[in-house]
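You will see two complexes here that share subunit A, one where it goes with subunit B and one where it goes with subunit C.
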Partner chain A sequence: MKFRVLQNISNSWMIVSLCIILLIPFIIGVVLYSKSIPVFEITSIDQLLFSSTWKPTQGLFGFLPFILSSLYVTLISFVLSAPLCVLAAIYLTQFASKRLVLIMYPVIDILAGIPSVIYGMWGILIVVPFVGETLAPLFNLNSSGYSILSGGIVLAVMCIPYVLNMLMESFKTVPMGLVEASLSLGASKWESIKHAVLKKCRTGIISAFGLGLAKAFGETLAVMMVVGNVVQISGNPFDAGYPLPALIANNYGEMLSIPLYDSALMLASFILLVVVLLINLFFRYLICKTQRK
Partner chain B sequence: MRYRKSFVELFYKILTGIACYSLIVILGYIIFVIFKKGIGMLSLKMITTVPSGGYYYGGEGGVLNAIAGSFYIAVGATIIAVIVGVPAALFINSHLQHKPRMQSFIRYMLDALWGIPSIVYGAFGFMLMIYLGMSASLLAGIITVAFLITPIIIRTFDEVLNTIPKGLHESALALGYTRMQLAFKVLWKQGFPGFITAVLFAFGRGIGDAASVLFTAGYTDLVPQYLDEPAATLPLAIFFQLSSPIPEVRNRAYAAGIILTAMILIISVSARLVSRKFSKTNLK
Partner chain C sequence: MKNKNTIEISNLNVWVDNQYILKNVNLDIPEHQITVLLGPSGCGKTTLLKSMNRLTDLYKELKVTGEICIDGDDILKSKRNIYEIRQKMGLLSQKPYPLPVSIYKNIAYGIKLKGIKDRKLLDYNVEKRLKEVGLWDEVKDRLHSSPDTLSIGQQQRLCLARGLAVKPRLILADEPTSALDPLSSKIIEDLFKKLKEHYSIVVVTHILRQAKRLADNVVFMHYGEIVEQGAPDQLFTNPQSPELKKYLVDGN
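And now, the complex of A and B:
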């Protein structure tokens, strides 16, 4: 009898906790959406997404500069980190000795574990002066260093362990026989990698990049510390930007004192959630599908 | 032709090798910069005292308030995440073992959940806090961070549980174990190293995450005594002090950076060591 009760308790405990977890994204979505309804009632969705006037005190909320900044920073980080990740993943899964792999695991672990504020600090100490004093004069530009490019560089470093891990997982699923068949046909090791491994893992690579982009898009503190936080639209990577997460993080203090401001910021969080969740669901689905085959 | 082939081969081997070793260089460089910049200001006082009156103008004091706050929040959030996460992970691997579609759907959702940015959790936690009528406090911070790290604990633990041989499930069930006994007696014991790794991993994330506690935990110069008091956290302390115009305050941010980095290094390395030590005694 006692055993029965125990069994029931622990079973329901397991099911309840699993349900709570699976409901979290929906609860977050509903809460953030319901909080952002007031700003929808005043302004149309077109105006919110594609207007570039940001004057909270007058009730004008145009998210375009923030969205563009976010995309720009994300793109730069992607361009900088993607080639490095692919090359390193190829070396670690195809060429490297067992000892090097054993050393690299903790390195990737630690890179992934370093808090974003430390990356931000490193950015302020190294990347910002480098961009401002070394790179910008090369192009005859004036820059304080607090720029979209700095944000992109810091983000690139932060995304490396994340993307690299997924790429390695994907490369490891390629059966050894495939590479061996290619080798026995007279292809060199590199040719086998290029034609067998990379081709076989195409979906895996694309998914890893997609998920890396999603992570970069939502990263807050490190970017906010180096990106300059100026509301403007500019194509020049040496200018300051103001990504969406930084907007939310910077203004939470005053958002309750200006009408509709909190609603607009919750809309920003909602946009962030939807974009990141959709990207994640899509690419994870791709990964799941290829793994099942 | 043959020379060209072996040249291309060598070229790519070196190129990919450089990419790989550059990661070690990047990590070494970041850690070197952080330690070199802050080592001069690091003292016992930084760790054992709270900020005094003129701290933010260069006065005496340390960051004990932030260390304690971070620690409380990470410990509290980890406890909640374990209470919710461990049974969920065990459930996926015991009761759902014969429903692979359900299993992969849940894993899929959890992975997606892992990807949600911490600032969104922060905004959500803030709204929840206002709705419940709480003010920025230790408790609100703990709850928000718990939301953030629960998927991490489940997925990391689940990953290890999934590698336990299925024969073990079958023999346990064949001996008359119920699925609950299978979960708590067999899987729990076999997966224990994975549990430790998951807890340490989540704890590290909890200590290092700033965006989620920015809204919810508040900031204070005192070590929090109760759950309803605001709490400072180490990442936020570094963040606020770095934006100060006074060089002494900034220097102390660098020193606090060393403390945080050292904590993460210790947690990361011990997670690996512990899981290696335990896994020796386990069935493969």
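And now, the complex of A and C:
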């Protein structure tokens, strides 16, 4: 009898905790949405998302420059970090000596644990001058260095430990027997990695990339420190940009005297949340699709 | 008539950190016969099979010396392409490890590695090999689906077919039936008896009765050394070494 009661209590506790975990993102979404209603009332959603005019004092809120900056920075960080992570994970799980792997694990953990402000400082001290003084002249461009590209590089470095770690976990699950089977059929080590390891880990690779992208899209501080924070739309990665998270972090609490500004920032947060959610859903979908194959 | 040998191993030593895994192994694998490797767990049977295939290369900590001759060519020193050498041997492991591609591509894999891309030739080979292992009728309607949907026994036969597709001389089977049900095991055993017409076969097994059913030739290993070898009747009825005597008593 007593046992039964205990069991019921613990069961209901589990359900309650599960509900809390499920509810938190939902509540955040609802609150953000309801707070951003005032700005919807004077501007249409089209205009908010696709207009590039950002003049808060005149009540014009076009988020396009911020959305594009965010996407651009994320894309650059992905392009820079993804191949590096895959190659490093292959090397560490398939070729490296046990000693090296033992050394690498704490290094990866340390990289993951460094606070983002330190990545930002590193970006200002190293990446920004490198981009402005070394890379830009190579392309005959003028750049202060505070640019989309710097943001992308810093983000890439920040994402590497997460993505690398997930990729390594995934590659390690491939049984030695599978590689041996492929080798014994006459494949080279690289062919075996391509056809056996990478194929077997398709879903793991996709989810590692998805997590990396979602993290990159939402990362705020380090990017804000190096990206320039200029509201503009430009295809040139050496130009400055202004990603969504930076907009929110820079202005919340300071510009609230302007009417509707706080509501606009809430909308910015809401868009951020939706995009991260969309990235996650998209990668879930990819995972399901590859698993079914 | 004296049989020809597919593989001749002499003075093979494998060790790791000054500890021997294989010690001074001398062994001939006769053509068109089933050679059964017996021995207690950890005595180096798997390592012996892997050295024949040079899969020991994968484990950098292992040191290998000696000679393993196939067609008069010492594969441990051979300058010839290691991939060609490995294709002379089909490996069947304890658990089936189908490649993460379709059933068809599993079998075409090794053939494609040889540079053959002709669709008709591939189709022909896939069908032939699947028929050879008696799997054709069971999978002909789902050649392009994943092998994960097959039963373990079917997967093991698929792996055998995949190995046969590269036209090996020798089949190396490491406890090929240990993960299988009795019926699937019987199918594999019968296949081996049929296949020995065309291939030489080395089977590692822990099942004495299976050894008796299959063997033309038995090799008994103990702590990395070959203790006794010979015809099964002689070895099983009249074991010489105390180790084998004990193994036979404990095994039954």
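FYI, the second predicted complex is superposed on the first by the 259 of 293 C-alpha atoms of A that agree within 3 Å, B and C clash if a C-alpha of one lies under 4 Å from a C-alpha of the other, contacts with A are read in each partner's own complex, and residues count from 1 in each chain.
To be clear about the criterion, contacts are C-beta pairs under 8 Å (C-beta built on N, C-alpha and C of every residue); 3 or more make two chains touch, one makes a residue touch a chain.
All figures in this text were calculated on a predicted structure; none of them were measured in a lab.
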Touched partner set for A:190, first subunit B, second subunit C, both or neither: first
Which of subunit B and subunit C A:199 touches, first, second, both or neither: second
Subunit B versus subunit C as contact partner of A:79, first or second or both or neither: neither
Touching partner for A:37 - first (subunit B), second (subunit C), both, neither: neither
Larger contact residue set on subunit A - subunit B or subunit C: B
Subunit B versus subunit C as contact partner of A:180, first or second or both or neither: second
Touching partner for A:102 - first (subunit B), second (subunit C), both, neither: neither
Residues of subunit A that lie at the interface with subunit B and also at the interface with subunit C: 188, 191
Of all residues in subunit A, those that touch subunit B in their complex: 6-7, 10-11, 13-15, 17-18, 20-22, 24-25, 27-28, 31-32, 35, 83-84, 87-88, 90-92, 94-96, 100, 103-111, 113-122, 124-126, 157, 160, 164, 188-191, 193, 211, 214-215, 217-221, 225, 245, 248-249, 252, 265-266, 269, 272-273, 276-277, 279-281, 284-285, 288, 292
Interface residues, subunit B side, partner subunit A - complex: 5-6, 8-9, 12-13, 15-20, 22-24, 26-27, 30, 33-34, 37, 83-85, 87-88, 90-92, 95, 104, 106, 108-113, 115-124, 126-128, 147, 150-151, 154, 178, 180, 183-184, 201, 204-205, 207-211, 214-215, 235-236, 238-239, 242, 253-254, 257, 260-261, 264-265, 267-269, 271-272
Residue numbers on subunit C that touch subunit A, as the complex places them: 50, 53, 55, 58, 60, 83-84, 86-87, 89-91, 93-95, 97, 99-101, 109-110, 113-114, 146, 159, 162-163, 166
Subunit A - residues contacting subunit C, complex: 97, 175-188, 191, 195-196, 199-200, 202, 293
